[in-house]
Amino acid sequence: MIPEIGHFALLLCLPIAIFLASIPLLGAILGRPLWMRLGPLLALGQWLFLLLAFICLTHSFLTDDFTVKLVAMHSNSALPWYFKLSAVWGNHEGSLLLWVFILASWTLAVAYASQSLPLDMRARVLAVLGMISIGFLLFIIFTSNPFERLLLNPVADGNDLNPLLQDFGLIIHPPMLYIGYVGFSVAFAFAIAALMTGNLDAAWARWSRPWTNIAWAFLTIGIALGSWWAYYELGWGGWWFWDPVENASFMPWLAGTALIHSLAATEKRGVFRSWTVLLAILAFSLSLLGTFLVRSGILVSVHAFASDPTRGLFILAFLVLVIGGSLLLYAVKAPAIRSNAKFGLLSRENFLLVNNILLAIALSVVLLGTLFPLASSALNLGSYSVGPPYFNAMFVPLSLPMIVLMGIAPYISWKRSNKISAAIPKWLIAAFVALLLAGLATLSLSNQYQQDFNWLAFITLVVSLWLITSTALHMLSKAKHQQGLLTGFKRLSVSYWAMVIAHTGIAVAAIGIGLTSVYEQQKDVRMLLGDDISVSGYRYQLTAINTFEGPNFSGTRGDITVFDGDTVITVLQPEKRFYYAARNVMTEAAIDPGLTRDLYVALGEELEEGAWAVRVHVKPFVRCIWLGALMMAFGGFLAVTDKRYRSKRMLNA
Amino acid sequence: MMLRAFLVTAIFLLSLSGFTSAADSSGLANQDSANELKVFSDPDMRQRYYGLIAELRCPKCQNQNLADSDAPIATDLRNELYLLINDNYSDADILEFMASRYGEFVLYSPPVNSVTAVLWIIPAGLGLLGFAIVAFILWRNQEDDEASNV
Amino acid sequence: MLSSSRIKLFIPLVVFALLALVFLQLEKRMISGDYDPSMLPSALIGKPLPEFNLATLDNPNTVITSINLNNKAALLNVWATWCVSCRVEHAYLNTLAEKGITIFGLNYKDDQQKANQWLTRLGNPYQLNLFDVNGKLGLNMGVYGAPETYVLDANGIVRYRHVGVVDENVWQSKILPLGLNW
């Protein structure tokens, strides 16, 4: 009964979405305020029914209703309840329901948090969001119904959730990621609405900024969570593989980063109007492209959903309509006349332009590398793989200059920098400090990890420390106040703090990425009870091997005691698990986390004579990567709390 | 004065880097009772091994390199790689060995040929284009400035 | 009519259209069974089999270094008793052998006794079975799992490699169209 209620609720959303896509829009075109005011109500209706559908599906999972096909395929009675909950979105159909629910949530948020938006603008924005909703609802209802029943061939128990997904990461990573992805639809809707009216002045940019910042922040968290999850769950210590599915999330992020900066320029100075609109369309288009790539079956990836080509065609059709339609609208209605604002070489506009171009090139590289193997196969030009060696080689020369420029940027004013001479001594100090600290750090790391002086590590450190120091010096000089530094700091705007924190986050992440790539150490060894091995100055000893029973698996757990000299640092307990229902063997790595290093151990296979293959890693500074990402996200959230977004006086451009 | 401090630090660091070398860790290693599964006579070979297994794709798996895959074919290929390195095959030879058996598909670092050239030409082209755009916009802004100042 | 700056605005649309065409092509080929992203094309197509030096499955003392094709095309089937799909495929291979198709076997990383028992029980469609116990020949051929079937023409050149079970459908749609002399 409950699944049918859920299904019915889902079906009801479709007419609501159709009304949402049409009535407010017609109201805006024909000038009927009543029709326009219906928008928020329709958004609320859509949201409530989707919430109901979602609750019904969750109920089916939690109550082990194996007559629902999805539950039978992805759950099991022995599965712990919190994984049953996350199993709701640990599959294609359920995750799409989550997608459209999150879309409805963003739509609702825009409907009720935009009191200061002109009525017709809000109506158009909601209508565009409604159109996107229609597409997804049609897709779900006709090809990916989560409520499909197995009444003719009931099963006694389910296939269980893929053991790799039976983890805390599944509970939070997809929702965070989707909130981010889907959130770019708001900026998209604003851009389309602005193109429709032909009114591309600074207002649409100002309205879009807080929504875009929040979406971007969530996407940053989502990607960081994915990286962290892969690191500890997949068992081999990797945190980014440039896998097509990972790239599918990274591309919207790159576009989103360019977008939040470009919006600032368009809002403040009215420049890059066309480009910013294009970026808004691009960011969401890349989200949709990601959805297509991951579910169409044309990609091979451990992250991809098992899906089929007919669904792929449907999504492709949807893509053509939405992306093709919006790009056509852009081509026809974007301003071909440039703004009158001029700017010089040392202007914030120019720096933002260069930043956007570098991000665009980075985005193109990722897109190219991801799509090239597909295109080459499609055109029968050969079967190739493009992996980490290519992407890393391209990314390093792109990102290092960007970080350097980020250190200069805060000192640069709009239009023309007149006070550059005052900045130069600060830059020199920052460079000096960076070189010194980086040099000392690299020497110390070389010594600790027994490697030659590494230039890549050194350069990464120089560049990152330069960014941190330069930004700090700027903040110090800006906070100078007659009544002391503390007062000065308090008077700095929230959005300035947000910038400082986010940019510092990039530096921290870069340090993590650079140092862990250069200095990580691993050994694959054969261990009997009592054996030990040294890696990077730590001694790992196998002190016990025990078998145990889990809720839906049987496992072997090793105790690996880690020594620094004679002191015991920790006992790591990696496991090897055999999941009954899925008949799958899984490895659970054990990690001793730390800011300056992670100690990472995983069990390989059992060898002869009771020995085990053990993989031992030391990963220096890997946590900085996710710490940096969290800082970036925090900066993104912080920026929207700035006073100007809380003022009600946002009516006029 | 600042410039001098700069130069001194730079020279100091550069000279230090020349003197740093890998610390001798053989003392520690002798105490280990566990053996590495794959033993190399030479740390360079070991490094090359780990580099290569990260760079080669498992022919069968869902986009994994040889290092991270548990598939039987990956294990076989790792073993083969170990033998090849010990037989003094160069990195290029080994990649050629793998590609001639499993196709260029197994090379995560794509080979450079007329088809794959686009992977480098397009980014380079975009870089030049980006540079040209910035230069053009700045030039145009200057021209307008001069024109309006006349 | 259309200024140059207006035309530039159409570039993103054009790029997207090209991409969409590529995707469409891929999807169509996937639906028709022509494209499977997880299937690797063989690096041996157009080349002869690599050199080998193996015993046969039934007689560990004989050493074979080449296969005699008698100017006819042949199949080289990679199989093993641990491979579940090979069992499924076996009946069809028997049918093909009865029709006079030459089939050679490559017993891949298997137990000799088990393999021979298997053949006794399920029928032996193979003219000859190479015993590749450590998978060396398989590795040189680019085998990455069982079952795989290599189609050789009368001159011993590999013309096609099929990954997975060979059944009537595969025979009709993939192997016969090669137009070889069976």
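For reference, chains read A, B and C in written order, and residue numbers begin at 1 within each chain.
Please note the rule applied: contacts are C-beta pairs under 8 Å (C-beta built on N, C-alpha and C of every residue); 3 or more make two chains touch, one makes a residue touch a chain.
Just so it is clear, the structure is predicted and the values come from calculations on it, not from any experiment.
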Reference chain B; chain at largest CA-centroid distance: C
Winner on C-beta contact pairs when B-C is weighed against A-B: A-B
Centroid distance [mean C-alpha coordinates] between chain C and chain A, Å: 40
Computed distance of Cα centres, chain C from chain B, in Å: 34
Centre distance in Å when chain A and chain B are each reduced to the mean of their C-alpha atoms: 25
Per-residue multi-chain contacts in chain C, two or more chains: 38, 40-41
Shared-contact residues (touching 2 or more other chains) in chain B: 62, 103, 105
Multi-partner residues of chain A (at least 2 other chains): 300, 383
Residues on chain C engaged by chain B in the complex (per definition of touch): 38, 40-43, 109, 135, 139-142, 144-145
Touching residues on chain A, where the partner in the complex is chain B: 234, 236, 238, 241, 243-244, 300-302, 304, 342-345, 350, 353-354, 357-358, 360-361, 364-365, 368-369, 372, 376, 381-390, 394, 425, 428-429, 431-432, 435-436, 439, 442-443, 446-447, 450-453, 455, 458, 522-528, 530-534, 537, 542, 605, 613-614
Parts of chain B lying in touch with chain A, wherever the complex brings them together: 2, 5-6, 9-10, 12-13, 16-17, 20-23, 25, 28-29, 31-38, 50, 54-55, 57, 61-65, 67-68, 70, 103-111, 115-116, 118-119, 122-123, 126-127, 130, 133-134, 137-138, 141-142, 144-145
Residue numbers on chain A that touch chain C, as the complex places them: 274, 278, 281-282, 285, 292, 296-300, 309-310, 312-313, 316, 319-320, 323-324, 327-328, 330-331, 334, 336-338, 371, 374-375, 377-379, 383
Chain B to chain C touching residues, read off their complex: 59-60, 62, 72-73, 76-77, 80, 99-103, 105
